[in-house]
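Below is one structure, written out as structure tokens, with a few remarks after it.
In this document, chain identifiers A, B and C correspond to the written order of the chains, with residue numbering beginning at 1 in each.
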Amino acid sequence: MLFEMTGITKRFGGLVALDRVDFSVREAEVMAIVGDNGAGKSTLIKTMSGAHAPDDGVIRMAGEAVRFRSPQDAWKSGIATIYQELALAGKMTVADNIFLGREIKRPILGIPFLDRAAMRKRTAELLNQLDVHVPSLDSWVETMSGGQRQGVAIARALNMDARLIIMDEPTAALAVAEVRKVLDFVTRLRGQGKSVVLISHNIQDVFAVSDRISVMRHGRRIAVRETRTTTPEEIIGLITGASEVRAAAS
Amino acid sequence: MAEATDPRPAFRVASPTATRELVLFIAIVVVGAGFSLASPYFLTVGNLVQTLRAALELAIVSAGMTLVIIMGGIDVSVGGIMAVSAILIGKSYQAGLSSWVVAPIGLLSGAALGAWNGFLTTKLRVPPIIATLGSMYIFSAIMFLVIGGAWISGLPGTLSPLVNGWVVGIPASLLVILAVYGIGWVLLRQLPYGRHLHAVGCDERSAGLVGINVDRTKIAAYSILGLLAGFAALLYVARLRNVEINIGTTVALEAIAATILGGTSIRGGFGSLLGTLLGVVFIRIIQNGLVLIGVSSLWETVIIGGLLITVLTADAWRNRNNPRIA
Amino acid sequence: MDALMGRLRGDPLRTRLMVLLGLWLVALVAMSLVSPYFLQARTVPYLLQYVPILGLLGLGQTLVILAGGPGIDLSVGSIVSLVGVFVGALVTAGIGVWPASAAGIALGAGLGFINGFLVNVLRIPSLMATLATMFAFGGLALATTQGRPIGGFPPEFGWLGQGTTLGMPNAFLFVLLPVAVVLHVMLTRTVIGRHIVACGNDDRAAHLAGLNVTRVRVGLYVLSGVLSGIGSVISMSWFLAARPDAGKGMELLAVTIAVLGGTHIFGGTGGIPGTIVAILIVTTLQIGLQLANISAAWQLGLIGVLLIASVSSSGGFKLGLFRRSLGAGA
């Protein structure tokens, strides 16, 4: 088990966003998180990525208990996150964004100068790997299309050389061809031995790439299924609570 | 991930503020030409050097202000920081301390006051305009309490060669300005901290999400501005040998004006130190020129205000297609 | 008691008002301890004479900030100065002092419109735009008069700024009080008041609901200009002269009063009563310290501390403490 959360609870004032959630991800696995709006998906991954601190519960990375006090801590533990809103700095270039917070430095007399040449080279490599085309490496990110920006965000996560990559609704705003690329990329990551946590409300995408599916509802994880052995109908039923109703009625 | 058939034109200019810098440079040349036609004294070495020396403090403070504004903040209390630092410097000199001790005192006091502003805006989450407004009141109060309405006079001019001296035929003031802006440029463009400043100014939340220590970035920026204000205070004392009651009253607004004229965006995220320097030169040339042709210096403020409005309108027109936060 | 606590807990503005009134009480007590002259009967009208000009500016600022944007008007002091110079020039040219004043107030409206236009139509951030107009208007006032005040106002003009009726200064009784009441009623009971608060809370939602956000905000900048113009008239009436630096420094105090009074700097929350009490607090401190011969420096410092304390930790450090002491779990 690469990553494990046990009994995680998170409250915002009087609202319980996560209620004793258990969650785990194996090595080289794609785990999908599905659920209706407000089910707690985003809160869960923000807790995983270090943006929120849980009020209760234990997080374990590769067997060791960890506490993330900031996104930097999570990154140091090997978790890279691609947020739904991408978290890109609009008025900065592609290279700037990819290396924000983890710039390549070239110390001269002890002063850490930016190694722009190295960063540009690596940026070109990463974009190539992902098959992302941008008009110019010096363009400002805010001038690019949604798909290109998604590519930059993914390149940034790739650059972090993480063991676990979290993607929050990566295909939500993309065209069909772009979605294909993202899903291929997810599969490729698994092939490299990395794990991916994927939030999506698109059941098709989920069934296309995931190994297991966790269903969130009202802040609880109510079910985990192996993708091979379940069906879209069952998952949707779990998301909407239809199966509960059916169970209660029978 | 789309192909390169994206219809939107990419932003190809290496430096988005290049246009503004060019325009300012041309404006300086034009205005300078105009003044030299109107007054024989304008283009003399003596006058230009004099103007340079008068611009020294504003230039130094403006460099720091540019950093803070790029970071997305603002500081209207720098005049007060200058004043308090100057008082500490004056009192230290009067106590007989040598410049070797006084200089660090001036710099550190400025940095400390700047850090105070940083603290207010980060840990207490006070909006920068309010925090620095309040600080300005407090610093002014400290100044009045310590020296009342009197000046501190008769201070030693040990550091005045930095202002008035010459090095191989070049005015020391010019070298000081170039040094400060050179270091500032390195900080902004060649060090990771510069990237962090831009990122925080662009989108604070995103910067935090990708792991940048936003609070620390902000406090550092305000502290640097404070440090530079302290440096300006040192040079002020070196130049005038006094601490006068009106020290620093206009420096904050002029620094902000120079920074905005120079192309730095008031919303933060991008800016130009070169532009700020040109802005400082422009402002001081106008002031100097007006005096030489006999126009009351009271018209300066009107002109600067008018220029600012023009520049801001031009910026707004340029951004007219960008959806804004309503 | 439970009902009172319940109502207090539920309405942050009311809580703020209570805190402010308490603060004013503390200020009154402190000042009377500090100076024996403070509690004399003469002091109250004296206090109230300072209040109108700053009060009008503070009220205008409150509404501008309230409507969001974020909105702020740093040029109010300069508008006061420029309107004064304008009226002075008209009077010197022979125009009657009251028509000249009316023209001056109209100028204030025009200057306010310029601000509103820059901020809301051209979308220049309000801080910068009003900073620039502050430079421009203030500089104009100083440059056209060479820094010299304009005199020659007829003595009967002094009725507004110097005269008293029933022991209360006229400017307070006949200008500030009615204006405050009208604005308060407008804000809390009319449709336009609802619209102002809506714009400050969420302008996108307001826009989608059909409100003309731009028109509301420009209107408030015009109002701020008008109030500054009126303030200028009162100031001239008081001194019987138009000083080109009459408004210097007032913008900062106006913002301080608005923010101290509970108006949130990003808009959406705030109100007239809070601003009024804030004015009283600030003026009480100023007068008290002055009577006690304590230097202006302490006043400045105190105002600075007040300003920061009232905005700390998103919406009032004291407020947070107060809430927590009530045991509010939410």
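Assume contacts are C-beta pairs under 8 Å (C-beta built on N, C-alpha and C of every residue); 3 or more make two chains touch, one makes a residue touch a chain.
Owing to the predicted nature of the structure, the values given are computational and were not obtained by experimental measurement.
Participant: Nearest chain to the global Cα centroid?
Facilitator: B
Participant: Compare the CA centroid of subunit B with every other chain's and tell me the farthest one.
Facilitator: A
Participant: Roughly how far is subunit B from subunit C, going centre to centre by Cα mean, in whole Å?
Facilitator: Going by mean C-alpha positions, subunit B sits 30 Å from subunit C.
Participant: Suppose each chain is reduced to the average of its Cα coordinates; what separation in Å results between subunit A and subunit C?
Facilitator: So the centroids are 50 Å from each other.
Participant: Hey, how far is the Cα centre of subunit A from the one of subunit B, in Å?
Facilitator: Taking the average C-alpha coordinate of subunit A and of subunit B, the gap between them is 42 Å.
Participant: In their complex, what parts of subunit B are in touch with subunit C?
Facilitator: These residues of subunit B touch subunit C: 74, 120, 124-127, 129-131, 133-138, 140-145, 148, 253, 256-257, 260, 266-267, 296, 298-306, 308-309, 312-313, 315-317, 319, 324, 326.
Participant: Once bound in the complex, which stretches of subunit A touch subunit B?
Facilitator: Per the stated touch rule, the residues are 51, 70-72, 75, 81, 83, 85-92, 96, 99-103, 105, 111-114, 130-136, 138-140, 143-145, 147-148, 150-151, 156, 175, 178, 181-182.
Participant: Of all residues in subunit C, which touch subunit B in the complex?
Facilitator: 72, 118, 122-125, 127-129, 131-140, 142-143, 146-147, 203-204, 207, 213, 252, 255-256, 259, 265-266, 295-308, 311-314, 317
Participant: Using the touch rule from the top, collect the residues of subunit B that touch subunit A in their complex.
Facilitator: Those residues of subunit B that touch subunit A are 1-4, 6, 8-12, 14, 16, 189-192, 194-196, 198-199, 202-203, 205-213, 269-270.
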